[in-house]
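Structure in structure tokens, see below.
As written, the chains take the letters A, B and C, and residue 1 is the first residue of each chain.
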Amino acid sequence: MTIGTGRGRGAAVGIGRRPVAMALGGVLAAAALAACSSDPTQQSSGGDTGVLNMYLYQKPKTFSPLAPNNGPDQLVMSFIFDSLYGADASYALKPRMAAAPPQVSKDARSVTFTLLPGLKWSDGKPLTAKDVVFTYNALANPATGSAQSGKFAAVDGAKELADGKAGSLKGVTAPDDTTVKISLSRPAAGLPGLIGNFPILPAHVLGRLPAKGLGDNGFFTKPTVGSGAFTFVQYKTDQYVELAANPHHRQPVSIKKAFLKPVTSDVATAQLGTGEMDLAQISPTDLPTVQKLKDVKVVTAKSPGFNRIAVNQSKARFKDARVRQALLSAIDRKGLVEKVLAGAGTVVDSSFYGDLAPSGTGYAYDPAKAKSLLAAAGWDSSAPVTLSWVPGQRDRDTAATVIQSQLKAVGVNVELKQVQADALLSSYEDKSYDLALFGGGNYATEPSTVATIDACDQAYPNGGNISRFCDGELDGLLKKADTIAEPAERKSVFQQAAKVENAKVPYLWLYNPDTIWAYRTRLSGFEPSGVPTNEVGFWDMASWKLS
Amino acid sequence: MAAYVIRRLLVNVLVFLLISVGIFTLVRVAPGDPVRMMVDPEQMRGGGAAFIEAKRQELGLDQPVVVQYGHWLSGALRGDLGFSYVGHRPVGAVLGERLGPTLQLMGAALVVALVVAVALGVAAAVRRNTAVDYGATVLGLAAVSVPPFFLGIVAIYVFSLKFGVLPSAGMTTPGDGGPLDQLRHLVLPGLILAFVTAGPFTRYVRSGLVDELGADYVRTAEAKGASKARVVLRHALRNSLIPLITVVMYQIPQMLAGAVVIEQVFAWPGMGQLAVSSIGQHDYPVIVGFALYVAVLVLVCNLVADLLYAVVDPRVSLR
Amino acid sequence: MTASTSTDGTTVTAVPDLKGPKGPRGPKGASASPRARALRRFRRNRLAVAGAVVLGVVALVTLLAPLIAVHQPNAVDLEAVRQGPSGAHWFGTDASGRDVFARVLYAGRVSLLVGLTAALAAVTVGTLLGAVSGLFGGWADHVIMRAADIVMSFPTVVVILVLAGIVGPSVTVLIVAIGLTQWPVAGRVVRGVTLSLRDREYIQAAEAAGATPWWLIRRHIVPAALPPVTVTGTLAVAQAIMLETTASFLGLGVRPPQASWGNMLNDAQNLTLIQTMPWLWIPPGIAIAVTVLAVNFVGDGLRDAVTPAGRGGDK
């Protein structure tokens, strides 16, 4: 099969409409039909049409950057909306539509983004700094329904906009078509990492609409104007999102069409084998099957997100850091990674990622040490401790049962409590849970975001500090990092912060599960991303090719 | 007759209202908050509580249940079932686009199930107490003794992955979607749903036919020298099939239960998938819409069954 | 589908007035020993007897689980994860290194318990409502029977889905949902029994002497209705076991780590596991299929034995 593009559609139809098949008809005959055209690879995508079939691990809801983050939505949006910055393999910012790295002033009170010249929307209209200003205004304004306004808190005029006292965000301006200037009301060196990878929205389509309720606009269910490598064609509900190459993308796009399909992971695995799927994220459980498939390659990427257990520190018995250290030492995390994740993961001892995390100060599996720490802290082993989690993910379910028995072994009487997602959230809010097992988080692109799970003023539901951990020293260090523009100096402050965090154990860090990707070898140019939803803008879909 | 129909319709409307009140109250009073499900405060940098409050007000969730029901009912009477919290679209549209696929799946399965059931049932009745009869019984019971989701995944393994003869999931191949393509996608889910539906039908056909075969007119016909096949097919089967129609009407809502599971396994974009996902996300308006859709289906099927029965059997009094 | 099991066994009784009220045979032949005759008929039904034997074995084995299984059902062993069957673990181990054999046995207790309790709930509600309906007649009868028609056609899985989705899944929700949706089967049967009893002199005499309805129900209706109600109850057990399985598939069944056949089978719902680790799904799968089949055979046999002349079911 050659690379011929665009012709294959006709060919596929030719196969589909065999006269033999037509003559049979009727539902009962369908089984016989199936046997007639027995080459599923030919049937599925026409083979040589340059059509990519990719797995969506959940159904998308809406395609709006204003809406609360939702994995599958973000994956789809990363195909259709470009951003100023993306992330490289170490999760550092990497220019996409930007011409250069962000310029942060010495006092960290202003930030400048420069756009590439000559950018275009998929409808051919020019994409300029004005679009960026419009997008940031929409994101910063809660009236649009934006769930992201908190990220703009440091920008000049953000409060006035949020309170409805101003119509626009004073601190964001476009002096010319390729420059975006942001002035800040307080030092915020981390701002580019917070807002740099937001999808940019088309001002010429949405700009004249009233800000109020903008997020509910029909555009976000059918965003046909974009700037990504692909343009949105349609979302066949529950079946697939259809995308087509964007002729006006800043780079030529090789793949002509893409279908993102929300199916079960079993179906995705089966379809990898039959050729109906080209690219899928798979679970460690399915590794053996997928590795046996012909023409399928498996690659893994280290993920910045991690599974962890929140420890409710609004309860007196969890306030002592020694108790949390003991709990962490009582769990054989290495064993969990090896047995439950089949080795596809990394044990972590910090919420900070990579070389920021302190090395050599881990909490190795040591039940004896755990016992003595608990004894020193005066732990009452008779009182039960509940471990809550939302069931349904194989590795997490298994981890919960393993952790239960390991904590029992050191005298922590753990009771497992499976809850529904919203029950878990409300137990965060009313502080009724003891331990909660959950996953998520990407604090790698901008380390100061660790504050959202560790800082005193980020207690749930205001922020993501579920543990209700509060430590003045850590807060101070994270604030200090925001005032430093110089990267190396900033890094050393984060390293200090990581050390403090590591000692105090706000969460029982478990492991970063690797993201495992499987793709058919006809796809090239694909680099595995550790953030499966690609919200950080890791992929360059334009350089993906199908043979 | 007309009075009977009108009375039944009125009763049905009343029942429908009762069910709607029940579901609505249950959904709103139950623990769980759709807004919390939408928001990940971790992403909000300190804006979480305010966002949750604003969203709750926007959706009217801060009002008493009675007020909420009033709003909903006045909208529903005008054909407006509200907006899906998750999909940001009218509930009517969300339900509407799932209706077709589910009806297609259930329709195909029903046809296959009936054909199989009549064939098996007749064979079992005519050759009563033989291997055929026992076989039909065992098969019918087996159909309701194996979980359909398990059949589904085995079928995907065998027919898609192993032999590659049928597509593994979905309703169409993206980019194709011709009639043949749709038919191929329908085979596995359709046959499995048909398999689990055919069991009860088979038993009904068998026992109905056994009764008819014992009736006087059959003996008379046989005595007059009519062939066995002719007697069975022309007289007994026809008479025994009339009540089957009503049984089918009663079974249609039950098939929906099978569809819920099978749609999950085969990623079939129908009502069942919608129900499961909107329940997970506490998408209240859609849940209420779905429950009422089931109620309507049940009530209509019941009504049709009763009417059909009244029409075909004059002995039934129209109370 | 599971929900159709109900209709499977009971289509005939389920559909109103299709064949006219079916009087129970029990009280009519009060002279000899109708139960002995029914038992004889039951014993002639080979499938039913086989089913009863299998069921007895299953019940015994699960009851004696602590004596038979060496391992604890929830004992985790990371050193022995997903191992095939061996001398130490007869049915192998699961993803947490738990002994599959022990889990299947203990799971059987849960599944059977759910099945029995749910069926009992349905039958109890049905008997009460059916008796009230038959005894009082009039609008009470009308309302109850209308409700029965409607409830009857509500797919139980959907009711579980909505109920468990809203209040959260639990064994209680399963039992309540099954009880709520399955009572009409027994209800209709008991109503029929009651109607035929009401015409008898001794009941009329008792009523004239001032017997309370509750007394009538206890002394006369329940004993008379017991045989046919046992049939519907048995079939309801089979259905409840299947419903538990389906609910587990939808994530709304018995909650782990407590094992049930449904959640064990659902845990193994994965292409890789089905291919490479059959010991994870064959034991619970066979346990479900065999038990449900056996219960259905028994129920079938009971029905034929209890209502010999009806339904041309002389197998």
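Rule of thumb we're sticking to: a residue touches a chain if its C-beta (ideal position, glycine included) is under 8 Å from a C-beta of that chain, and two chains touch if they have at least 3 such contacts.
The structure displayed is predicted, hence computed values, not measured ones.
Summarising the inter-chain layout, the chain whose CA centre lies farthest from the centre of chain A is C. Between B-C and A-C, more contacting C-beta pairs join the chains of B-C. If you average the Cα atoms of chain A and of chain B, the two centres end up 37 Å apart.
Averaged C-alpha coordinates put the centre of chain B at 22 Å from the centre of chain C. For this pair, chain A with chain C, the centres built from the Cα atoms lie 46 Å apart.
In chain C, the residues touching two or more other chains are 168, 269-271, 275.
Residue positions 31-32, 153, 156-157, 161, 264, 280 of chain B are each in touch with at least two other chains.
Across the assembly, chain A contributes residues 266, 270, 420, 423 that each touch 2 or more other chains.
Contact residues of chain B toward chain A in the complex are 31-34, 36-52, 54, 58, 86-89, 94, 97-98, 108, 111-112, 115, 153, 156-157, 159-161, 163-176, 178, 180-181, 183-184, 186-187, 190-191, 264-267, 269-270, 273-274, 277, 280, 282.
Put simply, chain C touches chain A in their complex at residues 74-76, 78, 81, 95-98, 168-169, 251, 255-257, 267, 269-273, 275-276.
Those residues of chain A that touch chain B in the shared complex are 9, 12-13, 16-18, 21-22, 27-28, 30-31, 33-35, 38-40, 43-46, 49, 51, 53, 59, 61-62, 67-69, 142, 145, 147-151, 153, 194, 216, 220-221, 236-240, 242, 257, 259, 261-264, 266-267, 270-271, 273-274, 276, 420-423, 425-426, 429, 440-441, 452-453, 457-458, 460-464. Interface residues of chain C, counted against chain B in their complex, comprise 1-5, 7-8, 11-12, 14-15, 17-18, 47, 146, 149-150, 152-158, 161-163, 165-168, 238, 242, 245-246, 249-250, 262, 265-266, 269-271, 274-275, 281, 285, 288-289, 292-293, 296-297, 300, 311-315. Residues 265-266, 269-270, 285-289, 332, 335-336, 339-340, 391-392, 394, 397-398, 401-402, 404-405, 416, 418-420, 423 of chain A are the ones that touch chain C when the two sit in their complex.
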